[in-house]
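Quick one: the structure is below, questions incoming.
As written, the chain order gives the labels A, B, C and D, with residue 1 at the start of each chain.
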Amino acid sequence: MKVESHSCEVLQHDWVNARYKYLRLRCPAPLARATVAGQFFQLACPHGETEQPFLRRPMSVYGIGPQDERIEFLYHVKGVGTRALERLRPGGTLEMFGPLGRGFRFSPQWQRILLVARGVGLATMAPLVPLAARAGVGITALLSARAPSDLMQEEFLRGAPAQVHAVYDSDGSSAVDRVEALLRDVLLRQRFDMVYTCGSNRLLFLMQKMQMRGEAALEQQMACAMGVCLSCVRLFNEGGEKVFRRVCCEGPVFPIATVSGEVQFG
Amino acid sequence: MKVESHSCEVLQHDWVNARYKYLRLRCPAPLARATVAGQFFQLACPHGETEQPFLRRPMSVYGIGPQDERIEFLYHVKGVGTRALERLRPGGTLEMFGPLGRGFRFSPQWQRILLVARGVGLATMAPLVPLAARAGVGITALLSARAPSDLMQEEFLRGAPAQVHAVYDSDGSSAVDRVEALLRDVLLRQRFDMVYTCGSNRLLFLMQKMQMRGEAALEQQMACAMGVCLSCVRLFNEGGEKVFRRVCCEGPVFPIATVSGEVQFG
Amino acid sequence: MADLRVNIGTLILKNPVMPASGCFAYEYEQALDLSRLGALVTKSVTPKSRIGNPVPRVCETPAGMLNSIGLPSHGQRYFLEEIAPHYSAVSAPLVASVSADTAEEFGMACEVFSAPGIAAIEANISCPNLEADGRAFAMSATDTHAALHAMKKRTRLPIWAKLTPNVTDIAEIARAAEDAGADALVVANTFLAMAIDPETRKPRLGNVMGGLSGPAVRPLIVRMVFQCHRAVKIPVIGCGGIVTAEDAVEHLLAGATAVQVGTASFLDPAAMVRIIEGLEAYCGRHGVARIAELIGAVSIDPGITDRWLRLAQQSG
Amino acid sequence: MADLRVNIGTLILKNPVMPASGCFAYEYEQALDLSRLGALVTKSVTPKSRIGNPVPRVCETPAGMLNSIGLPSHGQRYFLEEIAPHYSAVSAPLVASVSADTAEEFGMACEVFSAPGIAAIEANISCPNLEADGRAFAMSATDTHAALHAMKKRTRLPIWAKLTPNVTDIAEIARAAEDAGADALVVANTFLAMAIDPETRKPRLGNVMGGLSGPAVRPLIVRMVFQCHRAVKIPVIGCGGIVTAEDAVEHLLAGATAVQVGTASFLDPAAMVRIIEGLEAYCGRHGVARIAELIGAVSIDPGITDRWLRLAQQSG
């Protein structure tokens, strides 16, 4: 079976900063071999005295391997589920199923790629970094964060060489017009075989406006994560038509150009 | 407030034999000073992957003190709740509220008491042992079990001196008629200021038939454990009349003579 | 500090939190200061004495419990003489819950309870355990109207009608109760349910069926509170699945003026005080000056379906 | 090894476990061998295409979830051409779920689905999301009868009527469906419910209300299965809150001939196979030779109330 539930052992579980936590698991199967960058798992967050998360939580893989049974996550402690997840201790057990969804396209023949990330988007795109580094593909990264303390550049690159442009809310450099200018500048100087983005609708729509071609990883509320329940739809422009696609199985990675604005709720 | 919820720290949690587990807690309040033998607490069994016990579980105190904030339990791992409870590890937290119910009567002036126990009944009566021992009150105990390996005599006496009669299902010595003969013999040789029993309806009704006066601790399905919901009633004979009493607050300890047979369900 | 007061008709409650009937008795004074509660609601009393249902009377279910206590009762006299006096020193108003077998008996019961010390009567016209298969007054608009009408004739105390959720259209029953003069609605009693032990093949309750309560039912009751609030002008008191202050806020936003807490007290006898304190904190955090502002204040985007449909026309 | 076969009318299922409509699609072949299932039940299809409800379409609740997917559908032709062929190599019979706006449309939909490869039609006469306030055919005995009647006229395939639990008296609706010729009942669809986020004050679903499913509702549905089983002679298929084999046994004991598994598959996509294996183990452990022995086999002590009342006469 391609998708199975696994009882994984927590090997390491540490705070990266005040809001993000790093989780390393030992899986009972060689999941790393089956998982590609951009895919995700459904995590069963443990029940606690005050939190009883019912649904699974989707989390992109942040690290794949190097051992076959090693999978890593990097996540934002945000609500009921992640607060419960956060309390797992090394030696404890996490149930999860996956890998799920379609990952990013990547070719070792490429010369250079551009990664545009904000917040958790960084976790989703992180597995592309070692892939590129190993293949000698050049990496340019534009990382956006609230403040320097939130950037997680180290966690993103994990030692790989890259040209990094960091922008912050705290100094105004992350404002859309300033990022646009920065991006134009970068695009003038470098040619990219592929552009990826994740973590910010604002950045995504900016890149769309700038007619940058590439891939974006999206999020949506999920129940089944296998294409069955139709809860996770988003709207796309495909061949002049608007169509609904399921983020869990037709994504979470989609061509940047196709992503359509969404009916905002409320 | 007399009854409060407490977050207790698990200090020790070990198997006593294949079915019983011993639990020692450090409470955030001097509960030991407020608790008497025969009283119980409502334990919030932790939620696990497969077990999500909703109601609290009533457990008699097995050990009170010696430190003011130390409370011990001895329990049978039996169903959903106790299986979940069993998985708590030292350092973990257990929520509970209590002490609840009315405990056993006891007087340090007494000369000798008789304790008739089977199974978990032993945990409920155990706090009487150090009480008697400290006051120089003689202890005679009739312990009934499936087999010698189930007896838990050490756990019951914890080093206190006592005259023990052990009977077993495995050799037929626990049969009602043989226990009756044994009890008659014991009652002929010794005078008891008080007789206690817990853990077996068969033994209880035998003692009732033999017109032994004393106290029995009873069990019943509970929700509130504070006398509010009326779920835990049992039937009693009081002054020639049959009346319902709430085990949680009018008991769990009742005079042996008053306990009435119950409408057996199914 | 936010103003937590709410009005149920002429009755002013110092805060919107009170116990649910059958989930409260003076024994809780061991765990909380009863005077802190918005009101006290007692276990339903029947005119005649009853012994209640066979044991086991409770069992647990996923995020909830079943009960088939079945209204054991020593009768109304006993209540007035032995129970009510316990609360005389408590500042919270006393609401006496009554249950009866006929509309007429309901009327008479209200007359008996029109006594000093009782601030309002809650009419449990919905207990699912009394009649076969759980049928009750509140399962029919006509019967609801008849019962309330009989009660309003016999007393000048406010009558709160406690509805059953086991109906196709709760708004219809709500309107019937309002038409007959009910002063408030309690939404709602328990859901008729059943659990079987697969190991023994026996029902888990002596009475076979019982009422489901607890967090499991909260989304169902919140929906009904919302529907009733839209259907009537009298206050709705939300009752179902409240464990935390946030759960209480959810009920208020849906349209409840006050809330009742049942099952949660079994898990923590001080739950109601925790909830009151949590409401104060919530109001502080959200800049709510008067908790009454929250009543029915759920923020529904009226344009969403239109915008969604407009999308539809564009999509394949 | 126990015989797990059960009969739904003329249809013989190799075991009593099948998916619930809307909680299954061929994508699950990645997680389990579809041929192991007792039957396959597909997402409800409407005659015309629809886009479904605004997002968010799901949220979680205590021991359950709400959904307001709202029947997005590409229509019946698409189903026959694009969906059904996926299952042609699967040995389990294919049950196509249909939903429609009028009795007549239900009838026509059944005619369209009377096609090779479809073994039975499940009529979703209960979806709470379609009409305002969740009203559906199965909320009225008359409408239920009319819809079933229209369908039976247009097809010779077995029709399973999927009831809504949002009713006062499910047995009455069950009888109406049976009278109109339904070959089996599916008990039941989701409960109309609502959840509000206290932080944002917004409903958690784009559609405001949605259907509650999952373990939270099991005691409610088990009660309804029990009531329907007593009310009709046609098979009842239990659907609500089943996560484990023991939960499935509970449904069977209450009177279900087979069971549908919905929400549980979202938590573990291989849940149905786990349940089938668990049923084999249960039968082994309990010496059950044929699983059909369990249907309606709840052991109710008829004397208990008498014995209890006898007590009552003795007690004060």
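Note that a residue touches a chain if its C-beta (ideal position, glycine included) is under 8 Å from a C-beta of that chain, and two chains touch if they have at least 3 such contacts.
The model shown is predicted, which means the values in this text are computed figures rather than measured ones.
With chains reduced to the mean position of their C-alpha atoms, the one farthest from chain A is B. When the C-beta contacts at A-D and at B-D are tallied, the pair with the greater total is A-D. Averaged Cα coordinates give chain B a centre that lies 37 Å from the centre of chain C.
Centres computed as Cα averages put chain A at a distance of 46 Å from chain C. Shown for chain B are the residues that touch two or more other chains, namely 44, 52, 244, 263, 265-266. For chain D, the set of residues touching two or more other chains reads 51, 54, 61-64, 200, 202, 206, 214, 299, 301, 304, 307-308, 311, 315. Taken as a graph of touching chains, this assembly is complete, with every chain in contact with every other. Taken together, the chain B residues at the contact with chain A in this complex read 44, 46-49, 52, 93, 95. Interface residues of chain C facing chain A in the complex, by the touch rule stated above, are 63, 299, 301, 304, 307-308, 311, 314-316. Interface residues of chain B facing chain C in the complex, by the touch rule stated above, are 1-5, 44, 52-56, 97, 220-234, 244, 249, 262-263, 265-266. Within the complex formed with chain C, the chain A residues making contact are 52, 235, 241-244, 263, 265-266.
Chain C makes touch with chain B in their complex at residues 22-25, 27-28, 30-32, 43, 51-52, 54-65, 67, 69, 72, 200, 202, 206, 214, 263, 265-270.
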